[in-house]
Each structure stands twice: as C-alpha cells, then as structure tokens.
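A short write-up of the structure that comes next.
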Amino acid sequence: MHIGFLGLGNMGGPMALNLLKAGHALTVFDLSDTAVANLVEAGATAAASPAELAQADVEVIITMLPAATHVKRVYLGDDGLLANVRPGVLLIDSSTIDPHSAREVAKTALAQGNAMLDAPVSGGTGGATAGTLTFMVGGAPSAFEHAQPILAAMGKNIVHCGGTGNGQVAKVANNMLLGISMIGVSEAMALGVSLGMDASVLAGIINTSSGRCWSSDTYNPFPGVLETAPASHGYSGGFGTDLMLKDLGLASEAAKQIGQPVILGALAQQLYQSFSAQGNGGLDFSAIINLYRKDA
Amino acid sequence: MHIGFLGLGNMGGPMALNLLKAGHALTVFDLSDTAVANLVEAGATAAASPAELAQADVEVIITMLPAATHVKRVYLGDDGLLANVRPGVLLIDSSTIDPHSAREVAKTALAQGNAMLDAPVSGGTGGATAGTLTFMVGGAPSAFEHAQPILAAMGKNIVHCGGTGNGQVAKVANNMLLGISMIGVSEAMALGVSLGMDASVLAGIINTSSGRCWSSDTYNPFPGVLETAPASHGYSGGFGTDLMLKDLGLASEAAKQIGQPVILGALAQQLYQSFSAQGNGGLDFSAIINLYRKDA
Amino acid sequence: MHIGFLGLGNMGGPMALNLLKAGHALTVFDLSDTAVANLVEAGATAAASPAELAQADVEVIITMLPAATHVKRVYLGDDGLLANVRPGVLLIDSSTIDPHSAREVAKTALAQGNAMLDAPVSGGTGGATAGTLTFMVGGAPSAFEHAQPILAAMGKNIVHCGGTGNGQVAKVANNMLLGISMIGVSEAMALGVSLGMDASVLAGIINTSSGRCWSSDTYNPFPGVLETAPASHGYSGGFGTDLMLKDLGLASEAAKQIGQPVILGALAQQLYQSFSAQGNGGLDFSAIINLYRKDA
Amino acid sequence: MHIGFLGLGNMGGPMALNLLKAGHALTVFDLSDTAVANLVEAGATAAASPAELAQADVEVIITMLPAATHVKRVYLGDDGLLANVRPGVLLIDSSTIDPHSAREVAKTALAQGNAMLDAPVSGGTGGATAGTLTFMVGGAPSAFEHAQPILAAMGKNIVHCGGTGNGQVAKVANNMLLGISMIGVSEAMALGVSLGMDASVLAGIINTSSGRCWSSDTYNPFPGVLETAPASHGYSGGFGTDLMLKDLGLASEAAKQIGQPVILGALAQQLYQSFSAQGNGGLDFSAIINLYRKDA
C-alpha cells in the first residue's frame, strides 16, 4: 500500500521504518532534512511539502506531531493536507493532542470526504522501534477496520475506543491515572521505608494487595526493587517527566473545557511541575519519588 | 493449642470461630455478652476480664480491637494483659493501629519476656468469615514461625514484613496507596465518560495499559463495569468510606510523627472526609466517584 | 476626544456610558443591536463593523471582550482593528485575558505604529456603573500617560504595572491569591464554628490577627458576619463562582506556559470547579464555604 | 498578687519577667535550672516541683508548655497541679494545644473547684519580651475578668473568645489561615515576578486590592519588598517553619476529630512538611516561597 507519513521524529521515524519493513511504499515529509534522509535511505520517497505529500498517489496519510498547534497547521493550513488531499484518502493522526482539537480536525476532514482517525500511542521510543506500540483509536468502525492492518505493522495492541476523539480521551484518561498512581506509589514506598520497611518486601506486599498497580509491579520508582525499571538505572530512559507533564496538561485542559473536576490530577500536574522546575524534567517521571525521599 | 482471643466484633468474632473449627481450644473475652455467648456456644470458654484471660493456661493470645487507645489499655493497663500474662506466651495483635503505638506495646511486652507480633489483616468481614484474610506480620522471625500455622487457620496469605511494627507499616502504606488509586481511577473514569467514552471500553483500555490497578480491574468504581464490585450494587457492602478514612488518618499521623510528606495521601484523606461529611461515610469507599460524576 | 469603544456587554456598556458622560465623542460596536442602541440613544455613533470603527476618525480605541479568542479575532482578524486602524491611534484592551496573548497582540500593534495598553479592571458591574473601577495597566509610560485621563472617567484607581502584559499579570496574580484566600477563610471559619466558636467573634479575632485579609474583613463568607457581604444575602450579586473560575484558569494557564508551579492555585481552581459542577456557578464565589459547612 | 508560673522557656521566661516588673510576686518552676536561676535572680522564688508550686500560697497559676502531653502530665499527673492545688486558685494555660485536650483538662479542674482558662498567645518571643503579646482566651466570663489585668502585664491585646477551649480554637483557626495565606502570597508573587513584574509593584497592587492580607502587606515573603520582614533578612528570626507545622498539625488533628474537612489547610501542612524535610525547618515560615522561586 502507498502511505504518506508526516513527522519523522523520535517516535515517527522508527514507526515509518516499520511500515517500510512491512512492505508498504512510503512518501514522507519532515522539516528536518536528516530525518527525511534516513527514511529515503531505507527506501522511502521524499515530498517537498505537506501539500506535495497530500497530492502524491497515497491511500493513507499518517501524521505524528508534537502538539495540537502543529496538527491544526498541518491539516487545516492553507497549504496543508486537507486543502490538497483527494477525497477517500484515510487520515490517521497519531499525535497526542486534546480530544477537542482532534474532533475539530476530524470533523473538517469528514466534511470534505476524508475519514479520519485519532490514534495516539503508548509504549515510547522503545515500542516504536520494536513495533510493539499500543494504538488507542477513535473514529468510525469502517475506518478502524481499514487502518488496523497498517497500524499492526507498528504496534501489537490496536484498540478501538469508539467514535472520533476517543483515542485521545483514552490516552489522556489513562495517563492522568498513571501520573497519579506513580506519585501514590512514591508516597507509599517512601513512607514505608522511612518507617523501617525494606523496599522490596514492601513492594512485594503491595503487589499482591489492593494497592497493586502498574507503577508498583512493573515500573516501581524505588531504586533496586525492579532491575528493569528506570529507578534502577538513575531514572534515565523511560518516559520523561516533561512528557508526563504534557499529558497531564492535556488532561486538565480537556477537563476544564467541560467543567469536569480532576482534583488529584491537577495536584499531580503541579507536583511534576515543581519537580521539573527544579531541573528534573529530563528524568524518567518515576524520579518524582525524590520529592519524598530524605535518604535520596 | 490453647489460645486466648480478646475482641469478638465483626472481624474478631468470625476469626475466633475459624480457630475453633481448626481444633484449637479457645478462652475468649469481649465487653459484649452476646459476642461472648456466640463463641461459648461454639465451644469456647469465657474469661471474665482481660486479666483472667491472661492468667488462663494459654500459649498464645490474639487481640482484635478498634484503635490504638484500646490496644494500649488492654495491654498496658493496670489490670491488662501484660500485668497478668506469664512469660513465654506469644502475643499477636491483629488490630489496625499506628506503627509507633504497635512498637511501643511490643517493646514493653518483650522486656518482660513475651514475644509480640503486630498482624493487621486485609480482606474485610467476608475474608474473616471465609478464613481467607491476608495477615501482614511484623516481629521476630522465630515468633512469626510460631504464629504462622495459627494465623493460617484464619487466612490464606500470611506475610512476614520484617521487624516489630512492620505489619502496621505495610498495611498503612498499602491502604494509603489504595485510597489514592481509587480517587485516581474515579477521576479518570469520570473524565473519560464526560468526554464521551463508554465506561466499560475505557476500563478495558486502562486495565491493559499503564493505568492498570486493583481499583480499576478488580473494584472499578463506575457502576456496571464489574458485576461483582460494590459500584454495581449501590455501593453497599465492601470497605466503608469511614474505614478508609481511619486508615488514611493512621497513615498521615504516622507520616507526621517522622516528618515525612504524603501530599496526595493527605489530600485523599480530605476528599474522603468531605464525602463522609456529606453523609456518605457508610457507603463503600469507591462511591467517592460520586464527587466527580455530574450524571450520578 | 473621539474614542472608539468595542464590546458593550455588562461591563463595557456602563463603561462606555461613563465616557459619554465625561464629554467624549464615542463611536461604538457590538454584535448585539440592543447594546448598540442603548449607547446610540445616549449620544454615541454606531459603527457597522470593527473595521468601520477602526476607520472612523478616532484617537483611541477601547475594547472590552469576554476572552482571548475574541481579542485575537477582533485585533488580528483580516477585517479586524489592526488591519484597518491608522498609525498613531492608541489601543486599550480592558478584557481580562492571559498575559501571553496580551503581549502577542500588543507586539503586532506596536510593529505597525500603534501603542497598545492592556488594562483589565476589577470592581465588577457595580464599579463599572459607578465609574469606580480599578484599572491595572501594562504598557509604555507614554501610552499610560496618554490613557490615564480617559481611564479616570471610568475608574478611580489607575495603576501602572510596568511593561506590556503586566496589567494582566497583576490581575491574574491578585485574583489567584483572592481565590485561595477565600477558601482559606472558609476553612478557618467553618473549622472554628464547628469547634464551638461564634462566627462573628472568630472573624473579629482573625481581622486583628495574622490571618487578616480582604476575604475576612471586607467580604467574609460566613452569613451574618458582615451585613454588606453577599454571604448575608444568599450569595447573590458580587463576583460569580464561574468568573473566579475563569480567572483561576487564566492563572494556571499562564503558569503552565512558563513552567511555574502554583499548587494551591491549582487546587483552589479544582474546588471552585467542583462547586460549580454541583450547580453553583452563578452564586458569589464566597459561597464556596458551603463545601465546608455541615450546618449550611 | 502572688502568682505561680510553670514553664520558663523562650516564651515563658520573658513573660514571667514581665509579671515581676509589673510588681507581682512569683513562684516559678522549670526543669531547667538555668531558666529558674534567671527568674530567681530577677526576684522570683523557686519551687522544687509542680506540686510544691501548687501548694505555695498562690492565687493564680500560669503554665506555658510545649505540647498537650506536657500539659496533661503537669495538670493531671499524680504529682501534678490539680492533685495539689487548693480550690479557688485560678489556672491559666498559655500553651498552644488542641482544643479537645484543653477542654478535657479544664473540665477536670472545674470539677474540683478551680476555674481554668486556655489563653494561647501570638506575637512570638519578641512580643513576649516586649509585653505586647495577643492573648486568645477561652473560659467563663468571671474567670476572664479575674485574669485580664494579669495578662495585661504580658500583652496588649487580651481577647475573650468564648467558653473553655475557644482560645485554642481561635488560635488554631487563625494560624491555619495564616499558613494558607502565606503560601497563596508566595504563589502569587512568584507567578507575577516570573511573568515579568517587579515584586514591589506587584505587592503594592495586591495590598490595595482584593488579595490584600497580612502575609502580603506586613510580612511579604519576597525579599526586598518589606525592609522589616524576615524575607529581607535571610528568613532568620520570625516564626519558624516547624512552629507553623506544629500549628497546622493541631488544626488538622482538631478537624479530624470532628470530621471537618480542611482541604487547603491539609495541603499547606504537607507543603511546609516538604520544605522542612529539605532541611528548612528553622527558617521563618515565609521562606516557603523558595519552593516556588526558580531565581532564588
């Protein structure tokens, strides 16, 4: 299949490579010449602009961009995708943005005859490279069916979340909960250890009790509890504090727009913000436990 | 084995019955004549006072009391257990109290020749009746070995958490995390549903993602998501809001004593307090989601 | 002086009337024909569009709009003020918007030869009618001097806050603090009364102690303490909860953009949001005390 | 008048000296020989124990102790004041403790014929030395009238707050509000300055607007705004973070006992706790602004 791919950064680059590996023909665009060159070397064709990419003979266009402003510009701009794409081409945006913007763009696309899916991912750069991402997909069932085999070349868990925007809703809701849980685990571990418990023993008990969660059993923030977790490797790699901050910002913004309180979510956002302001934005988000550890 | 059991309430009563069923001889005490009569009918012997219970020819004494003030009075009072028990008798307190008080009582017991374990439980009245409680046990390894087969008659998961007080530490840390997680799940579910997602679809995605936790996959607070959860039965039964409030109070108090911040823990305590002050203290703690649901 | 006035709502309408009373000639625009008719009846001239208003022979243009999106559209739109105004006309925006947007618009205006001031107000519709508003003004000193006598026709306290955007900064910082203080006073009053104190006695002590603040001594949220406060009149009139919510949203958004934590500010926003979601958005913001009063 | 004074620490010492200066005869007790020697040198008589002090021919006994445990021991202990004092002696406790304990002790005192007042102070060691303390007094009007001239030798503002315990209630409510306001001012100042405002200009605007409060106009936490504030002197002197932490602990504990939510109060407590855990417990509490200042 001939696919257009726009946005070849840390996530988009390896995702596009996996599409090539799966045998698809790719026309690509990015502002970075280096990023484009990498893909061309691997067999892709370069487009000189989003407009040229949209006018190429593609069946599907996938975008992977940093924020809603980029998505709006790329899709809705005068020289953007919607102004240049022919009806019938399926549009898939894998950027993580707020549900409201996702719905706004998709509505415009649909009105001119282009089905559109929001399909944000989780799994990080590791999952992008390994092709093991999770895609949370919002949009019409027929479009989802069309997209599924393509997304399957880049991920192993492709979930239909319902109508347009619901992929973004699922991601934002899950990641807000993740941000809260990680601080909850951090407080519980720090409290238990300060009160005299061994960290691994405490984690073991939590992991078989009602406090059990992914932040405790798979990604424990206390160093040494899990060999594979960033906590055991100086909080390098993983999911950066500033990325978590971005997702919590999307969650609280989406909540504000509909007048929905998210009390712990908003406080968690502030705590990661404090931690980032102290110069820790590049550390894995589980390093937030250092706000609580006197011995750290 | 001859065991003394003091405190025959909603939890202690069925626990004592399970000891009888396992073939142990029991001498029991409670302020409630009815509670004592139930056990006597089942084969136990009644003691007229804690002192008389302590002076009976028991090898082990188990206590199950509402709060630290009761534990201190029963153990340390002039007519209490320590003033009357002979050296060598193993003492097991299954009450949920703060670690500091647990260590204070155990230290006094040890000084006069009585090993003591703190062994708070989780599993509720259902687990007490079914004999499937989890015991989180703090104290010397030899005492733990001595106690294990006895506790196994009342529970199925007997965990050694380390030295004296660590059973209480484990419980308080786990339950603080639980209290936070439940609010986190409530906010995520309420946000997602308000933004247009189906509750069960959202729960399904969270349960296979990084937001996964016991509060989401086993005890989801959104009605209809899990048939077995209190949320699907009017938030009756389960673990009451006021019990959660008690445990969060123990956590923040223990944290205060050692100068350990527990920011989300303290905020969670306030939110359950607000919910209880509105007359909801008797509802299962997962009903806290009603603070967030406009449609509820 | 000939002044253009755009935005004749609850605030802008009476402000424009005060300019007429002070002897200025006014050309006005609003989407509401009724609002325009009111001003025309009082002596103003109607413009058919923002463009026409900008092309009238005005020396100063004042805008009073609901939010940043309106301000951007009115100033930066293809048919907007900047595209049609002649160089040298002083622009004054009295809308309450985020400092970032205010600076963005002012920068564009300045680049084409129009000095611009941000001049948000406090004092509510009462102050707008009485001409007793406070203006917090950001922009060049020369522009401030030019504007001062004009603003003095609408307010009695005209404060220069520094360079462009600083009027918005001052307002957002003050109102975030106000939102926090009001909840602080509410908690202190509710706690003291629940513990047995008379509300007026407690307020009297606070007002002569270190807890003293405007929310306590001028606008006390406990009914009956101050005859003139909305609390003594069913929380009607005053400054609505949803207006406070808007200002807290501006504060947290401005903070997010620069990575500045505002922990109590964000929590206060969530508490007003909860209160509004329960249907209280139209009550004076001091009604937030009802979140805390069991006797209310 | 012959007065007994027990507790001659940083506060009690200078308070007792002021009573001597006013011409009263003093019998004093403290565990510290040095503290006692200072008072004896100034003209007081030393008692060898609380019991001896109680048995001296005193008309009034004043106590100034660190916490409720000390108050309970000194008043209710077997060798304590109540066991040894003759009926009719007026008892005044100026310690800052929780209202519940204050009422418990006063009730016992009254039952044996000793009127008792709780009379906690504000004003710090400076006020204690200068004799300018504020006394917040709870108890019967007749006892208050009896005490007033005595207290007036140590303070300049003697306020009757109502029945027994209400002095503690007033102090705890006021200081909780103070702790919240100071963080609110810190966030507002840090936000405004980060967004480009001059700190003194911002403080000036707040101080004439609805954000006005003691923490802003009398004790501003931003260095350089007020020459006399601890912020302008390295946050030395003043009211220590750990003292604020103690008062917030009393407030949240008193609230917990009656099931009263204090949401911002509890979060403020956690933030001072975090700040103290980082080694700042000895700094003036206004140093909490350093949690928010990137430039500090």
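By written order: A, B, C and D. Residues from 1 in each chain.
We take it that a contact is a pair of C-beta atoms (placed from the backbone, for glycine too) under 8 Å apart; a residue touches a chain by one contact, two chains touch by 3 or more.
According to UniProt, the chain labels map to these proteins: A, B, C, D = 3-hydroxyisobutyrate dehydrogenase.
Because the structure is a prediction, the values reported are computed rather than measured.
In summary, the chains found to touch both subunit B and subunit C are A, D.
The chain with its Cα centre farthest from the Cα centre of subunit B is C.
For chain pairs A-D and C-D, the one joined by more C-beta pairs in contact is C-D. Taking each chain's centre as the mean of its C-alpha atoms, subunit B lies 38 Å from subunit D. Subunit C and subunit D have Cα centroids lying 39 Å from one another. Measuring from the averaged C-alpha position of subunit A to that of subunit D gives a distance of 52 Å.
Multi-chain contact residues of subunit A (touching two or more other chains) are listed as 255, 260-263, 267, 271, 274, 277, 291, 294. The touching residues of subunit D, counted against subunit B in their complex, run 249, 252, 255-256, 259-263, 266-267, 269-271, 273-274, 276-277. Touching subunit D in their complex are the following residues of subunit A: 267, 274, 277, 291, 294. Subunit B meets subunit A in the complex at residues 99, 122, 134, 136, 157, 159, 161-163, 165-166, 169-170, 172-178, 180-181, 183-185, 187-192, 194-198, 201-202, 204-206, 208-216, 218-219, 251, 254-255, 258, 260-265, 267-268, 271, 291-292, 294.
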